[in-house]
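Here the chain labels run A, B, C and D in written order, and each chain numbers its own residues starting at 1.
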Amino acid sequence: MARVLVVYASDYGNTKKAAEVVAEGAKSVEDTDVVVKAAEDVGEADMTSADAVIVGTPVHMGSPDWRIKKFIDTVCSALWLKDAMKGKVAAVFATGGGFGSAGGGVELTLLGLLNNFAELGMFIVPLPKSTPGYSKGGLQWGPYGRSANENGEPAGVPDDSLEAAKHHGKHVARAAALLREAKVFE
Amino acid sequence: MARVLVVYASDYGNTKKAAEVVAEGAKSVEDTDVVVKAAEDVGEADMTSADAVIVGTPVHMGSPDWRIKKFIDTVCSALWLKDAMKGKVAAVFATGGGFGSAGGGVELTLLGLLNNFAELGMFIVPLPKSTPGYSKGGLQWGPYGRSANENGEPAGVPDDSLEAAKHHGKHVARAAALLREAKVFE
Amino acid sequence: MARVLVVYASDYGNTKKAAEVVAEGAKSVEDTDVVVKAAEDVGEADMTSADAVIVGTPVHMGSPDWRIKKFIDTVCSALWLKDAMKGKVAAVFATGGGFGSAGGGVELTLLGLLNNFAELGMFIVPLPKSTPGYSKGGLQWGPYGRSANENGEPAGVPDDSLEAAKHHGKHVARAAALLREAKVFE
Amino acid sequence: MARVLVVYASDYGNTKKAAEVVAEGAKSVEDTDVVVKAAEDVGEADMTSADAVIVGTPVHMGSPDWRIKKFIDTVCSALWLKDAMKGKVAAVFATGGGFGSAGGGVELTLLGLLNNFAELGMFIVPLPKSTPGYSKGGLQWGPYGRSANENGEPAGVPDDSLEAAKHHGKHVARAAALLREAKVFE
C-alpha cells in the first residue's frame, strides 16, 4: 500500500480544486492511500508516513504562497535535518491568474517548491508533454491551471489543467509504489 | 548619444523579427544609435562600445539557443574577466513554440540569459505589466512571442509581443541614456 | 533626496546584521534617507515612498523566509495591481547555513525575490564581481553571508559578506538618485 | 541490465574527470552497463538505448556550456518531439571556477539542464545531503566541484566532489534498474 500526501494552499478554491483532482488521480491507482491537507495542517508525521508528497500552490508574484513557504520553513526544514524524507517521491502543481503570455511566474514558482524537495533528497516526477490535458493545462514540471482571463477576471481552473492534474496524481502514485521500499540512497 | 546593441539567434526568423522591432523601439528614442547583430557576429568591441545590450533567443527545451550560449561562453566570459561591462544596461526577450499552458520554459530561459548579465554587473530592465502588449505578449522579464499554436504549427510572432518588444527597446534606450556616464559601481 | 528602504526577516540576527550594514552603505551616499524594517512591519506607504527597496532573507530550503513571502503576497501583490512601484530600484541579499559546496540554495532564493521585483517593474541592481568582499562574500545577484561552518555550527556573517553588503547599499543609493525622477516606462 | 549514459563537456579536463567518476559509481552497481561520451559525440540512439542519462557541464556565466546546449537543442529536441525519453531517469553534475561565495552560478546552471530533462518527461534524481562528500562537494541537485581557488587559480576537482560524484552515479544506476521497465506515464 503506497501512501500519497497532497498538500495545498488556496485563496479562492482553485488550488484546492486542483489538489482534489490530483488526489482523485492518485486514488485511481490500486492499493494507494491518499490524504489531502491544507499546508497549515500538515505535521512531520504526515510527511514521514507518506511515500510521496505532491504540493500545489497559487502563484503569487512569481513564487509560492506564504502558507506553503511557512510549511516548508518549519515542517520540511526539521525533516531535512533528520534526513527523514530521502528516497521518497515528490511532485508539484499550481494555479494562478497568469497575467501575460507565459504563466505569470509559474515556472520559477514550481522550481522554488522543487528546490525544497531536492534538499530533502526526493525523486522528482515531471509532467511529460504526452499527458492528456498538457497542451492547454500543463508545463514541464506539473499541471498549471490559469484561473483568470486576460483581463484578470476569475475563470476557474480549466478542464485541461484538471485532466493533467488527474494524470499527474496517477503518475506519482505509480512511482511511489515502485520506489517505496527501494534503497537507492545510502 | 547612447548606443544600444541588440543580439539574437533565430531559427525561422521569429526572434530576428522581434529583434528588429526591439531595435526600432530603441531607435525611436532621440540620440540613440542602435546596432542589430546575430550572436555569431558579435565581438568584444561590439559589447564594450555599447551602453546597453538586449539579447533575444528562441526557447529550446527551457533554455537559450546554443548560438547565444556560445556567444556568452566566449565573448561574455572574456569581458567578465576584465570587468568590462559593469554598470551598463541589459534586457532580454524570447520567442518559442510554447507548447503547454505556460510559455514552454521561457521563464528559466530568460533567467539563464540574465544570470550572464548579472555576472557582468549590468543593470537589468524588466518589463512592467502596464507595457502595451504585455497581457498577450510578455512576462515580467521581457517580451515573449509564442510562435506556434497549440498543435505546434507555425503562427509567427503575435502583434502584442511585437508591441511589447517595441516598448522594451524604448525603455532600454532611455535607461541607457540615464546610466551611461554614471558611476554607480567602484 | 533619494529614499532607500531595507526590508529583512531574521532568525538568529544574521540577516538583520547584514540589513544594517546594507543600510549603512546606503546612508554613506550623500542626500540619502534610509529606513530599515522587518518584513512584518512594512506597509504599502513604506514602499511607495521609497525610491529603492532592498530585501534580505535567510535561505530556507532553497527559497526565501515565509515572512518575506507573506510581505510579498500581501503588500507587494497589492502594489502590483496598482502599478505603484514601476521604475523604482531593487536589490537583494541573503544569509544562510549554506550546507554543501554552493550556497545551500541561495541562487534560486534570490531569484525568487527578484521575480517579485520584476513583476513590480523595478530596475535590478546586481553585484559586480569587482565589489570589495565579493570573492568570499557574494554572488552575482547580491551579497551572501554563509553563517554556519561545514558542520552546521553558527559562525556569524563573514566580514567579506558585510563588506560586500556595505557596497551593495551604496550602489543602490546611487542608482536610486539617478533613476528616481526618470520616466523610463510609460 | 540497466544502461547508463554519462554525457559531458570539458574545457580543462575537470568535468571529464568528474564524468569518469560518476561512471565508475554507476558501474559499481551490479548489472549496469555504462557509456561515457562527450556531448558532441552523442546521437539519438545513444539516448534511446539508455535507461538513465547523467549530464555534467562546466559552469559558464551561470549556465551550461554551449556544447551541452547544442546537444540539447539538436539531439534532445528531436527526442522531445517523439516522446522518446519519457519515464527514463536523469541526473546532473557540474564543475567550475566558482568565483564568489556561492558556487558561481551553478544552481541555475543545473536547473537549466534539468528543465531539458523535465521537458523530456524523465524522473530526476537529486543529491541527498547525507551523501558522502556532500558537505564540501555537492548541492541539492548534484555534485559540484569547485575547480579554482578564490584567486581564480586552477585547483582541480576536490576529492569530496568526486566522492559525491561516485555515489551520484551509484544512485542513478539503482534508480534506473527500478524504473526501467515500469509504466508510470501513459
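The rule we apply is simple: contacts are C-beta pairs under 8 Å (C-beta built on N, C-alpha and C of every residue); 3 or more make two chains touch, one makes a residue touch a chain.
Since we're looking at a predicted model, the values are computed, not measured.
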Open item on the list: Among all chains, whose Cα centre is located farthest from the one for subunit D?
Closed with: C
Task: Rounded Å distance between subunit A and subunit C, as computed from the means of their C-alpha atoms - done: 29
Task: Distance between the centres, which are taken as Cα means, of subunit D and subunit A, whole angstrom - done: 25
Open item on the list: Just the number, please: Cα centre separation of subunit A and subunit B in whole Å.
Closed with: 32
Open item on the list: If I count partner chains per residue in subunit B, which residues reach a count of at least 2?
Closed with: 62, 80, 105, 108, 111, 115, 118-120, 129, 140
Open item on the list: If every chain is a node and each touching pair gets an edge, what shape is that graph: line, ring, star, complete or other?
Closed with: complete
Task: Complex contact set, residues of subunit D against subunit A - done: 80, 83, 86-87, 111, 115, 117-132, 140-141, 167, 171, 174-175, 178-179, 182-186
- [ ] Give every residue of subunit C touching subunit D within the complex, in rising order.
- [x] 62, 98-108, 111, 129, 134-140, 144-146, 150-151, 158, 160-161
Task: subunit C residues touching subunit A - in the complex, by the definition given at the top - done: 60-67, 69-70, 72-73, 76-77, 80, 105, 108, 111-112, 115-116, 118-120
